[in-house]
Amino acid sequence: MKDYNRLLDDILNTVNSVKHPGSVASYIPELAKIDPDKFGISLQFVNGETYNAGDYNERFSIQSISKVFTLSMAIQSIGDKVWDRVDVEPSGDPFNSLVQLEHEEGIPRNPFINSGAIVICDILLSELDNPKEEYLKFIHELNGSDKIKYNELIYKSEKSKGYRNIAMANFIKSFKNLDNDPEDVLDFYFYTCSIDMSCVELAWCFQLFAQHGKQAADGTLFLDPNQIKRINAIMLTCGFYDESGEFAFRVGLPGKSGVGGGIVAVHPGEYSIAVWSPKLNEKGNSAKGMHALELFTTHIEKSIF
Amino acid sequence: MKDYNRLLDDILNTVNSVKHPGSVASYIPELAKIDPDKFGISLQFVNGETYNAGDYNERFSIQSISKVFTLSMAIQSIGDKVWDRVDVEPSGDPFNSLVQLEHEEGIPRNPFINSGAIVICDILLSELDNPKEEYLKFIHELNGSDKIKYNELIYKSEKSKGYRNIAMANFIKSFKNLDNDPEDVLDFYFYTCSIDMSCVELAWCFQLFAQHGKQAADGTLFLDPNQIKRINAIMLTCGFYDESGEFAFRVGLPGKSGVGGGIVAVHPGEYSIAVWSPKLNEKGNSAKGMHALELFTTHIEKSIF
Amino acid sequence: MKDYNRLLDDILNTVNSVKHPGSVASYIPELAKIDPDKFGISLQFVNGETYNAGDYNERFSIQSISKVFTLSMAIQSIGDKVWDRVDVEPSGDPFNSLVQLEHEEGIPRNPFINSGAIVICDILLSELDNPKEEYLKFIHELNGSDKIKYNELIYKSEKSKGYRNIAMANFIKSFKNLDNDPEDVLDFYFYTCSIDMSCVELAWCFQLFAQHGKQAADGTLFLDPNQIKRINAIMLTCGFYDESGEFAFRVGLPGKSGVGGGIVAVHPGEYSIAVWSPKLNEKGNSAKGMHALELFTTHIEKSIF
Amino acid sequence: MKDYNRLLDDILNTVNSVKHPGSVASYIPELAKIDPDKFGISLQFVNGETYNAGDYNERFSIQSISKVFTLSMAIQSIGDKVWDRVDVEPSGDPFNSLVQLEHEEGIPRNPFINSGAIVICDILLSELDNPKEEYLKFIHELNGSDKIKYNELIYKSEKSKGYRNIAMANFIKSFKNLDNDPEDVLDFYFYTCSIDMSCVELAWCFQLFAQHGKQAADGTLFLDPNQIKRINAIMLTCGFYDESGEFAFRVGLPGKSGVGGGIVAVHPGEYSIAVWSPKLNEKGNSAKGMHALELFTTHIEKSIF
């Protein structure tokens, strides 16, 4: 046990001693205000052992990590019919590209780029009675507490400047792959991204993907193990935009990043791990976070590969 | 003079005897209701001689032909500064493609594709006090009468289904190449497209481009001849979406088409000619209209080339 | 043990009872002659247990599976310097696309598309004294026997019709990412693809990737475990052209396919498995092979995810 | 008459007094040796009046201007069947792009980009008994003398470094849009580009396009006026790679440029004009040449528009 505490401290010291290029996400004004030097990490084994370091208890905006939650909810709702509306291939383009969407006539490449997540939100909007409430409830159940909230400032900030996402939703609608009004879909989409969570909370929620569908809080089966396997596969191939191959290559774990600087990854059957540091590299992933996870899996010499 | 009357009648008979594939524009519900077999033509020489045939007096929705009017107004307003915001190259992509816009970071390829015209409308919105009124006034002055009006049904129809254009405007805004709110720009853009004109009225207005900038109604200079030359050049290279090369090749005149089925073309120093027939080919240009103009220039053995 | 024999038989019966659309690779005349209904499978656990079914002993052209061997050799030769010349991202485009190569100025997206493998062959050509001999020797050592040979008919057939690959090699050369003459590089590249192997032989060779770098024949360490982890990661994200995401999603194993109809996959630390059936789906991967592997991992309820 | 002499002198002085950015074509080693500051111009009216300035008598490599000659020969040979193999649309991509070729499955966008000219050369190779001799003879007849020759150094230089063109020819072959061996087609293609001509000779040859198909030397009809009209249209829409719209906009004449620094343009029914200066702008067109032609048409206030 002591070893892991020391390992996380070593990692913290190493990533803080290196000067990482990049900058905090600036397209969402509210996000641009965060201290770029923050760094937190939380490691949670499936047996419950937990190790933390740095700013692991500080909440940050989960942003695109929400795409894993909404996909899970959509699969809970309509099962494999999700895949009639979204593909599962890596995109090879930046997260907000409209090029492939045009070539593939409104079918997003996968559920973890913005266009895909917007379609997933459209599904939830059609299926759920109170989408926002049920989304929060889903996270609360995963987390075993109801303290996690959405951040209204972030939500409004994104909504007022989200031209690229408005473009995307209307583009998809023009191909008839949205059932609801684009404005309503985006309102829900921005809401899902605006949740604040800490590394500890994120790693805890992602036990779901480390424990083959079992909820960490009380061990009940939350999602079919076969569906968890597929979500993990998509996290591995598509979780880091056009840096997904690089992450698989260097870290070797399924995971998901957000422009708030969070990254969460899992070794199925073993552990979940969440890191946070706001400064992003040029692909839009946390610079220190990527570095920390590479140090971690290299040190423990264990990955899914 | 008799010859031209007969020539237009012959052309009318020929295009009506051929079965043209294609269909009326369906993405704007109001346009889809038009009788696809209509055909009108009006030929007007710079000396005032005029020849007509078919449904030449019936008004139709000018749609993208408006892009020539708005460009002319923008050049009147801010001159060559227009070209800081829009390029002058043919696009090689469909009229509503977002691909090139992404590669060129929000600078539309030319002012005659939708994205380009949206930027032009943004310029007018910033420069004019009452954009809609001044736009109508511009057309009234060109036409020497104030009978031409916008069609509210078309305007509302486009507005309610214009997802692709909403996507485009927000996409351009995300690259910071719109100064105004995308919604306001689109409202004006849809308005400019919703004008109803007949072949006779269109050919008369386009005398401006046949007479090197002089207004047909009273002969006053309306636009600098050097600017008219440039607008004519853009009509030749970009007036027919990704069928522009084909039109130059087969017809050999600068011109502009709209999805309402209208096409207007000019031989600078000689004549203007407008045709209308609602059925569109797969590139979005009037099928009978393209055919009629090819017959015309082949017969008179005279083009700018 | 009996269970696995029965499982493979069941899989064989199931895939043979379904009519798979698709056809045998036709662009290489010699490949087009193979009986499309053939099917073989070989499953080999890291402890040596082996189970086979169908045409598991019949040799076929490994084609793109060779890309895993040449990449392994290049990493043995120059280590991480390989990654200066080739990227590790999924391509999102067909295996022989030149589009991304143009956008990325001659740097292939990954070593498992044709362009990437051509660059890898260029590296080997520069590094090795007798590339063809050493390539065969590499496979012989992995296989613990020297019976595997290259197929001259296939080699000549590819060479005479390989216009797309000639295009690709010269295109890369124009970006200065080939050191040798394109013709020499292609000669070696076609040679590496022209090896004939059976399912049993392939699964045996790929124990290297199941056993973290140890050679199955005598247990010596052949490649660094950390490098094996990375090659496995690239197989997972890029091993099946633009169906890689689908394979990860449905099967959940690192693997590699070839247009000869072979697919080989590994569960690191557990087993390797090779299947063969010549009829290809529209993405260029064995139709029955994909089906068989999906049945297998679904049945044993065990994947890396 | 004196005015035109003075005008050309003024233009020469103006373009020489400005510092144009850019550099001599470097991908063909032999071309890189030329003095970048050279400038020549020749203006020839259809009535025979001729005005020259600068290095108008110095021969240079015509390069892509040859594409107009080969297209004319192909139309002489097989007429409109040419258009089954090549399109007539502007490309919106650099002259040596392979992207559009992939999207359009081997049909080049137009005959004035490299891929299109390679297909045209393939046609000539199939149609002519002695393609190289007949090509030279065609130019000799147009020029009324047999002094124009091909430049062996340039030819060999291109052939040894023409990787991009080899890529293109093999790519087209892979789509089955070449009948002959790619190597043979390229040999002829490089030959056609390797002709040396002066401004005077080029403007003289291009009288064909100013005189609606009549040969300047003896007035005989060389090509159908209707075909000349079409070739002129393609020169206007496609003659300057992805700067074609800009040239039409600024200069307003059909024309063709080459990476040797030559540009030749025509005003049908009026005159032909050739300029030469080796330094190229970033689009691959002569920097001084573009400038000179813009000055010329702006001054004489006369273009086809």
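Note that the chains take the letters A, B, C and D in the order they are written out, and that residue 1 is the start of every chain.
Keep in mind that, in the parts below, contacts are C-beta pairs under 8 Å (C-beta built on N, C-alpha and C of every residue); 3 or more make two chains touch, one makes a residue touch a chain.
Keep in mind it's a predicted model, so treat the numbers as computed, not measured.
Among the remaining chains, B is positioned farthest from chain C, on the basis of C-alpha centroids. Per-chain Cα centroids separate chain A from chain D by 55 Å. Distance from the chain B centre to the chain D centre is 32 Å, each centre being the mean of its Cα atoms.
Our note on geometry: chain A versus chain B, Cα centroid distance of 47 Å, whole angstroms.
In chain C, no residue touches at least two other chains.
Of all possible chain pairs, the ones that touch are A-B, A-C, B-D, C-D. Chain A meets chain B in the complex at residues 97-99, 102-103, 163-164, 166-171, 173-174, 182. Contacts from chain B toward chain D in the complex involve residues 87-93, 100, 109-110, 225-226, 228-230, 232-234, 236-238, 242-246, 248-250, 252, 254, 268, 298, 301, 303-305.
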